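Chain lettering (A, B, C and D) follows the sequence in which the chains are written, and residue indices restart at 1 in each chain.
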């Protein structure tokens, strides 16, 4: 049994705890830490069978029984905690993004390499059944050479404006998953980015210095072109689709729904809306990425989403932001 | 050019006139007759370029230039007019049903055979693109041996009660197309029928001695089982679907719609309703059956829907009615 | 925590153990029994955290700590064990069918009533997300009065011939779920059954005295008509669909698939096959029925699938078998 | 009856002749001209009932009985012939693009205005049932404010390399329809274009100075963002889809197919490929645009696709080409 410590008991930390306790084989959570330990957190931890709840994450790092840590704390602490964890010899699952600063990410990756610990980044969508089905068609050669990779990624509603202000901007907070998806589906690296953005959902978002709508074009090393469209608010629910088009064919996915029921009436033929948001849509993928992380520790195999997979989307996000600001395509070599 | 006379200028007579004048190659309409010739009919005929409009259909039969007639008059006149037409040496396209009396149908077929003229029955749905696509899968062997043949056939609304009273009953008026479809898709003959019926749409229909809802099970000579479900009223439009299931796979069709547009909003994901009724859904099939009839005359080849194809569905309808009345399965040999 | 004993460690017993240990809140398995206790069973039980493994199910019935039992033993023992369990004051989850003999079922229900214990029958498909979505449309009134209820239920492959011989026949083994589904979706009782059956998949099945293909028509107390089509072998996978058509509209479900991916290539536009069989398709429903059973014990509320829900499908199956044998529709009052 | 002269008897000229003779009410073709009048052309014209076939299109312009001309000659002659036709007082239906030179287009539009004749440009896709269904949702307000407009437009195969060399480039030859579609669906003007292009289908196309794959981002005056993806070769057929996403919902269309048949077998669940190419997919839209042109003459109403609708897509194509060449977004004001 791999013993796990979770650093950060916010939403995503609890999602991983839920996965580990219910769905994941071969691992158990020994401790969880959070800067604020409430009674609610204690009783929640007890209900999940987590023996220890700490305010200080150092207690997790210092526990020799703990094999691996999940870094689920606030984004600005991902890098320093990962470095400490690596030095403590813990395997690391780090939530995305590792950091918004490229040098700090590189420092993390260097420390991880030096320590020889496993390091996996939380791009859970790679484990989604639909996107995996696309990837399998690409890898099998059914698509031939990829020519166009399209990702549609629209949230059901904009986050609170206070969150927007500290989110690092839409490209770092939301599109970063789509940047990863373009790399994952294409099997190639992004070389240039052009981002077109707008404030159409809520002018408050614009006043906070961010955008809520975007179309981003990405040139890939293999010659293919990627394109992402984003919105912070799709009134019909979480819209998460992708398509890879190539020399031998195309593969695309639709949204998941709670059921396949279709109702025919005088008003039309009505199917269900997409699953509401990421917890509904991607719950199984959270479990699967965790299972995969545990397996890489147990079998001493490379993680499915490695350090470079954590670095590249941040570079793309930086290039996208610069492209938006300067109104021109930006090469990744400009920001690497 | 094949010269055509149309006997009966009601709805279906005009549908065929429209097809012939707009879509069908190699034929022209020389005359149309109707028991009532109104000014409206005359001007309609002029607009379609039909030179002659008669009250007496005999003028059509007596015109030596006319090669073929379409028998589109009231159902009870189909048989006698077809016999006269055969004796006059005209090729015959006869609307369904030929008659509700088996002996009279057999008499028509005997006269047609004696005269050596072409005879096609108006089961236009065999020419529908969707049902043809099913048939092609069956004929190609993709389905293997057919095991279950399903037909869903629901009208958008019940006909006027005065029509119901003279319609001959739902099995003869509406289901007769589905009986033909079961034979067409299965490539086999019906041997036994069990009909379950109900009055659920409109009690007036029940008072008129008819039903408005039915499920009919049919045993086929090749061992397969057919099943039809009917309703006189589907509030969402004309529901016309079929499926053939067999040892190697299944093929099924959906309804046609005016467009493929799908609207996603807070209320759901809304596609269009099926095309409203048979003129919208089956217009192309009316043109194609007519083209096929003309081709059989020009090339002296068998018609696509022959006399036996006109007889069998009537036998099935008779058996279905008896099954409904007597509450038991009825063999076709009992009514043939 | 409700303490559970599982009687019978075959496939379905293990499915429930899996559900209880992984997905169900508020219950724990204290013991499992089987007529044959192998080393494999012992180690499997240990891996699920089940403390006790018995050869004799009486040890479960005699354990005062055990609140409820799952009767997952061979079909012919469902009734006697349920009676013993009721007399021992245990709540009972009984796999379907309770028995093939109506009098024995009635005896079970009488004992359950006398003991005042909960009794739920294993019609898990009522908990399936798709069929629940249909049911919700019916209950909400969106369908209006139900007119036609259709169930398509086809297995991916026929069971071994040795199983067929002891299965009690297709209607008791396979269609019994569909009989329950017709009752569940229509909210009405079946009054008459007409079954048309054939041996088209495998002549061995016919030699064993069973059929492998069927279409069954059911008259319902509310006037609606139900129709089921069955096959023991759909080469494309487990085909599980239903439709309710009524005065205000219709609702239908498609099959579930592993992903929504659609591959377009020179050969066509290819979607995934249905999930392979009942474990893949209905796993969540097994968990949900178990959760529901636990909830009815904890909250002292009626079970979702009660004794009469266990009895009626058996009556329908008996009527269907008689209909098939005698070639006539059979009223349920003849067999009740 | 409006009397029509067709200038240019190539593929598109004959498509319009076919539409006019079969589907369009209130018009007849009096003459057709082509620089090469073969026997085949004469006999084809006779079969369509076209009385006159000329080498010199001036005979059409000089015929006082002819009300309107269709300019279907080679692209470089569209502008001068349109100008001559306007001066001759003929109503003009001009195939797209009017010209690749903005000044010449403006000259055409000025002459048309001076002559007071009708002028319609051949953007037939506006008359396609699917795109009209999107437009209706937009116009009705169901989408709210448009935020993202997506057009997928992929041909089934690349044209011959000799054609590519004289085509004016993919943006003028193929994408020009998509530029029009973005304007039509959004109801707004394009203000800036960024084009990313690649040669992935056939290196010969690259050697001819053209591209075969592109993603184009368009900023619109109403703040929305448009995005087009193009390929010269989709092996599965003609891929023509669009989506408008806005504040109240989204609407999207799928491809048309010859039938709705879906075949389920061991290999998967297989639907039909899209209709093969533009003649199959857009035939009805060619008839409808022609009917609309005739109606605007008869009723003296504005044409549905006016001179500015002909000019704007050319401006966008010029900007797209410059964007591709210079690797930067280009404002329409730079090229207007």
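Points worth noting:
One rule holds in what follows: a contact is a pair of C-beta atoms (placed from the backbone, for glycine too) under 8 Å apart; a residue touches a chain by one contact, two chains touch by 3 or more.
As the structure is a prediction and not an experimental result, all values here were calculated from the model.
For the pair chain A and chain D, chains touching both partners: B, C. Most remote from chain C, judged by the distance between CA-atom centroids, is D. Centre-to-centre separation of chain B and chain D, using mean CA positions: 40 Å.
Chain B has its Cα centroid 58 Å from the Cα centroid of chain A. Shared contact sites, meaning residues of chain A that touch two or more other chains, fall at 234-236, 239, 248-250, 263-266, 272.
Considering their complex, residues 22-23, 129-130, 132-134, 137, 142, 248-256, 258-266, 272 of chain D touch chain B. Considering their complex, residues 234-237, 239, 263-274 of chain B touch chain A.
Contact residues of chain B toward chain C in the complex are 145, 147-148, 150, 154, 194, 196, 198, 200-201, 213-215, 217, 219, 223-225, 227, 229, 231, 233-236, 239, 245, 247-250, 327-329.
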